[in-house]
Amino acid sequence: MDAPAHLIRLGNLSQERLQQILELALRLKQDAAGLSLTGHTLGMLFFRGSLRTRASFETAVHQLGGHTVNLTATSDFWELEVREGTVMDGRAPEHIRDAAAVLSRYFDALAIRPAPGGRSWAADRQDAQIRSWADHADVPVINMESVLWHPLQALADLMTLRETLGELPKKRIAIVWVRSPEPASPSVVHSLLHGSLRCGMNVAVAHPPGFELDPEVLSEAHELASASGGELQTGLPLEQAVEGAHVLYARSWHSLETYGNPTLAASHRSRLTEWHVDERLMALGSEARLMHAMPIRRNLEVSDAVLDGPRSSILQQAENRLHTQKALLTTLLRD
Amino acid sequence: MDAPAHLIRLGNLSQERLQQILELALRLKQDAAGLSLTGHTLGMLFFRGSLRTRASFETAVHQLGGHTVNLTATSDFWELEVREGTVMDGRAPEHIRDAAAVLSRYFDALAIRPAPGGRSWAADRQDAQIRSWADHADVPVINMESVLWHPLQALADLMTLRETLGELPKKRIAIVWVRSPEPASPSVVHSLLHGSLRCGMNVAVAHPPGFELDPEVLSEAHELASASGGELQTGLPLEQAVEGAHVLYARSWHSLETYGNPTLAASHRSRLTEWHVDERLMALGSEARLMHAMPIRRNLEVSDAVLDGPRSSILQQAENRLHTQKALLTTLLRD
Amino acid sequence: MDAPAHLIRLGNLSQERLQQILELALRLKQDAAGLSLTGHTLGMLFFRGSLRTRASFETAVHQLGGHTVNLTATSDFWELEVREGTVMDGRAPEHIRDAAAVLSRYFDALAIRPAPGGRSWAADRQDAQIRSWADHADVPVINMESVLWHPLQALADLMTLRETLGELPKKRIAIVWVRSPEPASPSVVHSLLHGSLRCGMNVAVAHPPGFELDPEVLSEAHELASASGGELQTGLPLEQAVEGAHVLYARSWHSLETYGNPTLAASHRSRLTEWHVDERLMALGSEARLMHAMPIRRNLEVSDAVLDGPRSSILQQAENRLHTQKALLTTLLRD
């Protein structure tokens, strides 16, 4: 048996396959007819909360004629062990390898949202859970956001960029860190960075000192930029990154320096009051559109005026989760 | 785009539309064939528990060929902000306006069961959450019981009254407060009051002092009675309300005077031991049927003998949730 | 109306019906086409966690064209009263008899996983909850593992034994207790014991002193052995039970002596370090296969080498949950 076609990160998709999915998503947005996952059952496992991902993924499967089974760790089952070879006398009564093998007998694909440990970036960045699912599943594993990557969001983001900007090479996107009491992992930014650079965009990342992205992800990003003719600048001040940008992408992410120390991290963030998006900042761009992966803390990350004004693409982005996921599922499961 | 046809309270349905739904529900109970929500996905969001509503609503959608996506706030996602214009630096990471707008891109309708604050009736009676969903959704919002209204229960109740009593004008219904350690909001009674008065019934409400219904709801109820030729009496002693009634509808609801003060409320209720339904009380009616929206605390609210005897209509009522919801969905989504 | 065909224990199935289900399951494993539960809705109620049961049951229903409604007590609804005739002024706001009667109006069958009380075996072994559901439901109630029985697991186990061993009479199965910090109820072993003896197998049960199975279940088991020509030995030492066995079935279950006293039970178990399965033990059998109902604590109950080696049938067992449940649902609901 061939290895199943997992989607753990955008890098699992060849350039040709990525373009095929985006083209199909654009077509499906106009006319969803004629495709079918009838008789297919997709298993979704959530080890932490979700609104958009769950709603859009279930609807995507339903609209294609398939079924979903939705399992939430906290209410439906139990902790799973990830370490190989250990004597399982602790809390977890079951190993991921067994859960993955068993569920592969029932489902045609497994979509997984793992929970981060939250204590050490060096440990969390291994993405051990999603990798264990992929190692032991016999059906495609789809990453619904791990610590390191969020490929489903990146697919919707790339589709939105295509719709908004047309041809992407040399178009300018500013990814800007914004302040929030509950930052996310940098997964969304990591996947967006790789995706936009693969499409030849010029990417400027603004963030305060201490909020550098993962070094290995950045190193790969520079290689992708070289290959595609895109450009990448990171660690810019807010205004400089936004100047002349066609798209401003706001996101709050953890400092990897204070990761695992929430008290220190909160104290550090409390001084970063200027890191938010308002109309003044938007005006520095080149008729810039606002993008945000949501959930969004209004008037803290981005002002109501920007979010509810004509420059906001956030609902288009959210809707495109549906279309890109339909294209992805069709491509992964019917080829 | 026209405003979507929300169902927040029975008042959102014209008299013609209400009759149309009841007639369709009666037909669907005999023969459900020929209707279809194929390709439709209904989103259900629960901010507090449900058994009948969830089971009957999901089954209604399935029997019409559609799909449901079921999101439970406590286990699946997170708190949502309802206040407009606030700086969202508190617990809620997302605003209802964004959740409503996004989910409108995925679902064909949104059914919502909000949670009450439980501290102040003046605040809770604003029904801010369900109103915010309705304000910001682009698809029909269906109220699965807010603090103030429960229109889905009222539709099933009206259907049951029609089946039981035939023509409703001038038929007598006694709505009686009963004691329970966990009273509900008066939502079920509010919607039933308006529904039965719109159908021209004579309504007698019995409750102890301090358990008056919401004054604005009562004021509207008197207007509905005037318009339809129905009659409304409230605050009656138990026996007087039941005398000659064709239907006795039992329900426990919060005192709006001690609302938000559970200790005082419990002490107040502990003296009201005579407020329950037994065979002696039923005998005062005119071959009266017993109705109750459930869940029901046996032998506290109503005795086993009444519930399991020939006068009980509670299962018929519960079953009619299925048929009226099918009629409602068909009417809301396919017109 | 005829009484609905509940499946609370294997004993609810006649020998003819049991064989019919196993034959159908074997056929469905090869070719699932041509069967349909279209238009049927199955209600599933979980009062404790589940991974395999829920995933395989939902998929079974979907593959047959039906829908499931999935209710989890902790997150979706509330406690249910089981005592008859009581004044319900405690925590539970609803009685199982009402929930069962109402849900029978919506669903075509009810699958229930009750929670054990965990305090007294004499009380828990009454299986009061699942019996109350069966008493009050008007549709078939399917037991998804009660304190006393797990018939769905037993069906999958019998199918796996048939696939592995061919004709079952006189084949030897060793059921061996293994140590775990969280033993299960003996339900899986009780149902397997009756199922394998009905098929004429020779059954040897190994367990430490104090881990005897339920006396009434054992007494019935001896009667079944007499009727079928099978043999039953219990309380054997580990090696003696396994010697010459064709199948070794590992399971951890509670001591019924220390049931309800977790501290004493843990202390008791801590001395039983030799009760686990490794390659040395497997070698005592007659080319023995390993079976386990999962979840499994690796390297505590059974070693990695056995679980991942060629003698393991655990994934085949788990997959057979799907096929036997499809056969069962087809048989229960379409006859």
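Here the chain labels run A, B and C in written order, and each chain numbers its own residues starting at 1.
In this text, a residue touches a chain if its C-beta (ideal position, glycine included) is under 8 Å from a C-beta of that chain, and two chains touch if they have at least 3 such contacts.
Bear in mind the structure is a predicted one, so any value in this text is a computation, not a measurement.
Peer 1: For the identical-sequence pair subunit A and subunit C, what's the CA-based rotation angle in degrees, nearest 5?
Peer 2: Rotating subunit A by 120 degrees superposes it on subunit C.
Peer 1: If I list every residue number at the interface of subunit A and subunit B, are over half of them used by both copies, so same, or under half, so different?
Peer 2: different
Peer 1: Cα centroid separation between subunit A and subunit B, in whole Å?
Peer 2: The answer is 40 Å.
Peer 1: Enumerate the residues of subunit B that touch no fewer than two other chains.
Peer 2: Residue numbers touching two or more other chains: 70, 72, 75.
Peer 1: Mind pulling up the subunit B residues that touch subunit A in the complex?
Peer 2: Subunit B reaches subunit A through residues 39, 41, 43, 67, 69-72, 75-78, 81, 85-89, 93-95, 98-99, 101-103, 105-107.
Peer 1: Can you name the residues of subunit B that touch subunit C in the complex?
Peer 2: Interface residues on the subunit B side: 46, 49-52, 54-56, 58-59, 62-63, 70, 72, 74-75, 180-182, 294-300, 304, 307, 314-315, 318-319, 322.
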